[in-house]
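One chain, subunit A, appears in both complexes that follow, with subunit B as partner in the first and subunit C in the second.
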Partner chain A sequence: MSDETNKGLLSPLRRKLLMGMAAIPAVTMLPRASFAQAPATSAVNTTGLAVTDTEVTVGILHSATGTMAISETGSIEAEKLAIEQINAAGGVLGRKIKFIQEDGASDWPTFAEKAKKLLVNDKVAAIMGCWTSASRKAVLPVVEQYNGMLYYPTFYEGLEQSKNVIYTGQEATQQILAGLNWIAKEKGAKSFFFIGSDYIWPRTSNKIARKHVENVLKGKVVGEEYYPLGNTQFNSVINKIKLTKPDVIFTDVVGGSNVAFYKQLKAAGIDLSKQALLTISVTEDEIDGIGGENIAGAYACMKYFQSLDNANNKAFVPAFKKMWGEKTVIGDVTQAAYLGPWLWKLTVEKAGSFDVDKIAAASPGVEFKGAPEGYVRIHENHHLWSKTRVGRAKLDGQFELIYETADLVEPDPFPKGYQ
Partner chain B sequence: MFGDYSLGDLGSIFVMQGFAGLILFSVYVLMALGLAIIFGQMGVINMAHGEFMILGAYVTWMTSNFFQAYLPSLFSGYFFLAMILAFVASGALGMLVEWVLIRHLYKRPLDTLLATWGLSLMLQQAYRSVFGAREVGVELPQWMLGSLHVTDSIEVPINGVFVMCLTVLITISVAYVMYKSRWGRQVRAVVQNRIMAGAVGINTEKVDRYTYGLGCGIAGVAGSAFTMIGSTGPTSGQLYIVDTFLVVVFGGAASLLGTIASAFSISQTQSTLEFFMSGSMAKVLTLLAVVGILMLRPQGLFALKVRK
Partner chain C sequence: MTDNRFVNRSELIGILVLAVFLVVVLPLTLDVFRLNLVAKYLTYAFVALGLVICWGYGGILSLGQGVFFGLGGYCMAMFLKLEASSVENTKIQSTPGIPDFMDWNQITALPLFWKPFNSLTFTIAAIILVPGIFALIIGTAMFKRRVGGTYFAIITQAVAAILTILIVGQQGYTGGINGMTDLRTLKGWDIRPDHAKVVLYFFEVGCLFVCIMIAQFVRHSKLGRILVAMREKEDRVRFSGYSVANFKIFAFCIAAVFAAIGGAMFALNVGFMSPSFVGIVPSIEMVIYTAVGGRLSILGAIYGTLLVNFAKTSLSETFPELWLFGLGGLFIAVVLAFPNGLAGIWGDYVQPRIDRLISSRKPKPEGWTDGSVADGAPAE
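== the complex of A and B ==
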């Protein structure tokens, strides 16, 4: 699906290949025709990464155990699928991708330790990994110190930018502002009730949302509530929502709390087909646990839904289900995780090298036309240009696309006027 | 904050808020009852309590799937069977655990903390391997969803009422079993003096095993009921464990009445505070109050009088 992009990028590599006489014996040993283009290892790897004439090693670093395994399993699956597809299409610079999977075990120091292991002992060329902001913050100093490359899939609060990280999910303004604009216009919404889990992402996101509601939309925030992670009782806040009668309930509750919140909302007689609710934390993955009947009618603001109707997605969804089972669902982050290996491959080919410095420099402007969400491009600030979409949850646990921005939304990790 | 609202609005909110408090109270009692027996009566610090609850939740999920696939006509009543199965499954696992692990540790109660914590990790990983890392959604029959319309503005969640009724039923049964039945007398005798109880002919090992099984079984029923209001995943049990211990310790470990009184006071404080401030602050203040009272009364609200 990305052949067009590759041809142009590969030609300088061919020249390098001709210069590298050392590569010729290795090339003749390779069984597949597509691998005949492989440039010499010494030319594409000057910093001692785990790159051989036939293989390149990357790391996958997610929580396969512990409380975050619920969310991160999808990311692991997506990354493995992408790697398999890239290998089937001839690999990267003629080399097959081999991956080493480490378990962050939902524990942030473990993430840092495993990242160090991947970079120092295994010398991986890139790491696809992390999920929560906490794990990313733990890994960030490690990838910066040892000059690694991290592809981070989750939508997050922004306020960060690093030479060593490519953020394949949306930062907060990208995700939130378009959704708020849409609901304000479409529903004439003036009053908002915010409810979130009590940690950095919901608090930062709600801060941005509040500024936007008050300053741009000229609306009113009638309540802003935070509950500890893992809270399972929401009856009091639901009563407050009933009392304040907001036009829109805006939520960023995460984890097991999410399930409790929607079940209790439904039980309290709040009908989401009448009461508008906009969430930035519920993907198809979460609905699996919540139950479609409890959340049908709610709006979610994301960049990807499994139900998207485009050629890339129509190839991606069946491939994913074929590899991981018919019942698996694909949420926003899973799709963003799928972009990681592909963007890395395209960047390596553009740079003509596995060297991290060259990849970091070559990243801005890299386009991936085969993205299931449509077209994405890496911005100067290492985030992605991508469209923002609003979907409406259906009984069967899928979203129906209601709205999408006409153009790609520019990533703005340090938004002026929103801090 | 009340200036903008009419009296009628406020009235109905206070009624619903009262129900919210009662529902929270029932949830606390339900999750703490099993532990009150295991920790309160036997002195075993059961850190795996949440995992026994989740076993009940998974049993409910499997029952629900089974009924959907094979007996769709009886689906509306499956929940009652699911609770019984949850009790049996968690109780059986509890008895097995007691036989393999706990009975070797009665003389070292502090070590049960580590042993059962390890057990909880093993169970979590087992659930993850068997049922998958993702959360599962338990589908409920239609009549258990939604709310009762009492008046136009007062609505009471049906699942909350269900949990309340279940809690009352289980509490009465437990009270009867522990304080009125012959077996309950044996349990209390073993708790008070294991050696003497054995000397008068009580089979203490058997009593221990069934007591532990009963506690775990009740945890299973609680887990089954909580599929209505919470999540079902490999680590969901962790969401309950802190609150559960809080209720039992605050109430005074060996007293059933204490557990109920403590669940009542904690839930009412929590739910009232939650209404007037943010959820996180409410939790902080509730915990502070509990810590303060425990400093004054280390034995908890109600304690058995013991000769020291």
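== the complex of A and C ==
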């Protein structure tokens, strides 16, 4: 939109410049100067994307409004930070990244509509976006049809792989198996109770966890319960937990339900310093709402915690807080969202082109050494090789790192023996 | 009062103007992406049209039209999903040949109630009949017991909530909260490319005009007059010997069928269906479209739907973080300043000026339009 108004202002301006003799050298020199640094647009953009000699446009597509805004705001902030840092470091192939932000409004069809708008109208070179599986499922046919590139940050259920998507979060086996192995070994856990929100991600994750518990760990699942999204009554399941006395409560309850769940757990006298609880859905963002005192002692299994002690993270956390305020917290998905623009930049530079086909082909093997979680690499299946970590929630809402895998865990979106 | 004429002159002009706007102006000025968005907006116009009859004329406020929109949409989506789930398209699944979300939920055979949706004829019949019969059941249960007004509105909301929970809960059979995505072809014809979107747009506009004509017919028939009479003084109509309940059931069923056709069009044009169109919030939004357009005006409802959705899209594109405030402000402004909506603005300000203009040229003005008497009736 602002582009059109700019053009309207520029053309009379340009005419005036051309009329003045003094301006001629300046007009001819300017483009040459920028050409000297960056490869010609015609060479790096053969499919009509929004790439000029000085700028390249990408889309940011998350929910800034609606129920998911509380989770997705962190992703928006991380992506904007990454774009700002990349621009400060010289941009991509000599071009500054400009972003167009669209609001998915926590509504899956809106996500599809906006994705289409970004690809068809704005011709963005890549989209950083989506959060819930439902929004990704809605956007997927659009990016495949119009041959776009989506960088998707959330840990998710797997069973998906697309030329047009890079999954910067963990798929289910990557996230879950190492955590279960750890808790079985460390706590001698044999019996598990599963509690989840009722949609595809918890159901698939629990299916994988159940197969692993029963077939690999030779343990037992003593209960498996699902509650609708937004549910706030967990008393009946808490009674069942008290009756079955599982070694581990394994939860993938999402969103606002977590607040009720942990408060009721505490009120029912279940002490998380004695009763092991492993969650794969609570990050620092959720603890903000739950309250550290209600969840302290619980274990979380994912790939990033704000408290990670490495050089990249020590630079990332202050930069994030400087841009978005001292009080912000950084969860697993926020960090994964931060990877999106960086991985795209690295891939574009490897491919030497903004063309989506070339980026899709060049993605496998791209390494990002500056990731706050530590070194990551893109697998042939467009997911990331990354470490899995277990953290323990503290009173101040941060996690204390308890365990991390020695090596990067291979992403396996179609796990054999777990389906 | 001529009962056999169901479109008077000024209405005919209005319908022709709308036709030119939708068939000529929009396709010529918009690119395919925006045209497809208009097609999406127009699917809600079907619902708004139904609400004009049911709420505007019959005085029955239904806050659950999303239920019927959803039922129609899901019927269509089931057919399209089955076609998209051919064995070769789904060979990476554990059970090829069934929709992907069933496979994710460990369902190994197509459920019985899905099987008839392999047939397009059955699907089209189901789009009309399933919501129609459902509305008949709800309507009979409510209106025969003389449940009306606020209580009826609340019950329709409850139905919307129940259906959403049912769809989300039974994700193995319905796709759960994700809905049914990645719909591809209709009888082998790809519905995704640009030229297909244009064809679907014109098809939808055609259906919309058929529904407009039906609405016009209902409005000008004796039935329409009874509906208005019922809205204004229900007891008097009952004492005159009419079965009030039957007329209400009829209006509610018509609104339901219109909504269902809109839902089916939505699945075709947008390429997916999800429970986010079934619940309370979308149902209320649909009532807002009608209110903005003017609940007494058939054409107003269509313009209202287009205006609200256009505002929604453009505000959210321009102000991704603040657009909801803008939209909220728009609703409040319209309701405060123009209680009869767009049609009210037209009727109060624009129409009289045009009439004056015409009558100043032609010294002998023609008789007042028949419909305006009923239309002008103030709502309490």
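To be clear about the criterion, the second predicted complex is superposed on the first by the 383 of 419 C-alpha atoms of A that agree within 3 Å, B and C clash if a C-alpha of one lies under 4 Å from a C-alpha of the other, contacts with A are read in each partner's own complex, and residues count from 1 in each chain.
Definition applied: contacts are C-beta pairs under 8 Å (C-beta built on N, C-alpha and C of every residue); 3 or more make two chains touch, one makes a residue touch a chain.
This structure is a prediction, so every number in the text was calculated from the model and none was measured.
Participant: After the match on subunit A, would you call subunit B and subunit C a fit or a clash?
Facilitator: Here the two partners, once superposed via subunit A, fit next to each other without clashing.
Participant: So in the superposed three-chain picture, is A:Lys263 touching just subunit B, just subunit C, both, or none of them (first/second/both/neither)?
Facilitator: After superposing on A, A:Lys263 lies in contact with subunit B but is clear of subunit C.
Participant: Under the stated touch criterion, which partner chain does A:Gly289 make contact with: subunit B (first), subunit C (second), both, or neither?
Facilitator: Only subunit B is touched by A:Gly289; subunit C is not.
Participant: Could you tell me if A:Asp198 is touching subunit B, subunit C, both of them or neither one (first, second, both, neither)?
Facilitator: A:Asp198 sits against subunit B and subunit C alike.
Participant: Of the partners subunit B and subunit C, which touch A:Ala64 in the superposed model: first, second, both, neither?
Facilitator: Touch partners of A:Ala64: subunit B and subunit C.
Participant: State whether A:Pro228 touches subunit B only (first), subunit C only (second), both chains, or neither.
Facilitator: Touch status of A:Pro228: both partners.
Participant: According to the contact criterion defined above, which of subunit B and subunit C contacts more residues of subunit A?
Facilitator: With both complexes superposed on chain A, more residues of subunit A are touched by B.
Participant: Give me, in Å and rounded to a whole number, the least C-alpha distance separating subunit B from subunit C in the superposition.
Facilitator: Checking C-alpha atoms only, subunit B sits 5 Å from subunit C at its nearest point.
Participant: With the touch criterion stated at the top, can you tell me which subunit A residues are shared between the subunit B interface and the subunit C interface?
Facilitator: 64-65, 198, 228
Participant: Across the complex, what residues on subunit C touch subunit A?
Facilitator: Going through subunit C, the ones touching subunit A are 31, 33, 36-37, 40, 92, 94, 101, 104-106, 165, 168-169, 171, 176-179, 181-182, 192, 270-272, 274, 276-277, 313, 316-318, 320-321, 323-324.
Participant: For the complex, give me every residue of subunit A touching subunit B.
Facilitator: Residues 64-67, 69-70, 73-74, 198, 224-228, 230-233, 235-240, 242-243, 255-260, 263-264, 266-269, 285-293 of subunit A touch subunit B in their complex.
Participant: Which of the residues in subunit B end up touching subunit A in this complex?
Facilitator: These residues of subunit B touch subunit A: 5, 9-10, 13, 16-17, 19-20, 23-24, 27, 125, 128, 132-139, 145-147, 149, 153, 155, 157-160, 226, 228-236, 238-240, 270-271, 274-275, 278-280, 282-283.
Participant: Going by the contact rule at the top, pick out the subunit A residues touching subunit C in the complex.
Facilitator: 1, 64-65, 101-103, 105, 107-110, 112-114, 116-117, 120-121, 133-134, 137-138, 140-141, 145, 157, 159, 198-200, 203-204, 207, 228-229, 414, 419
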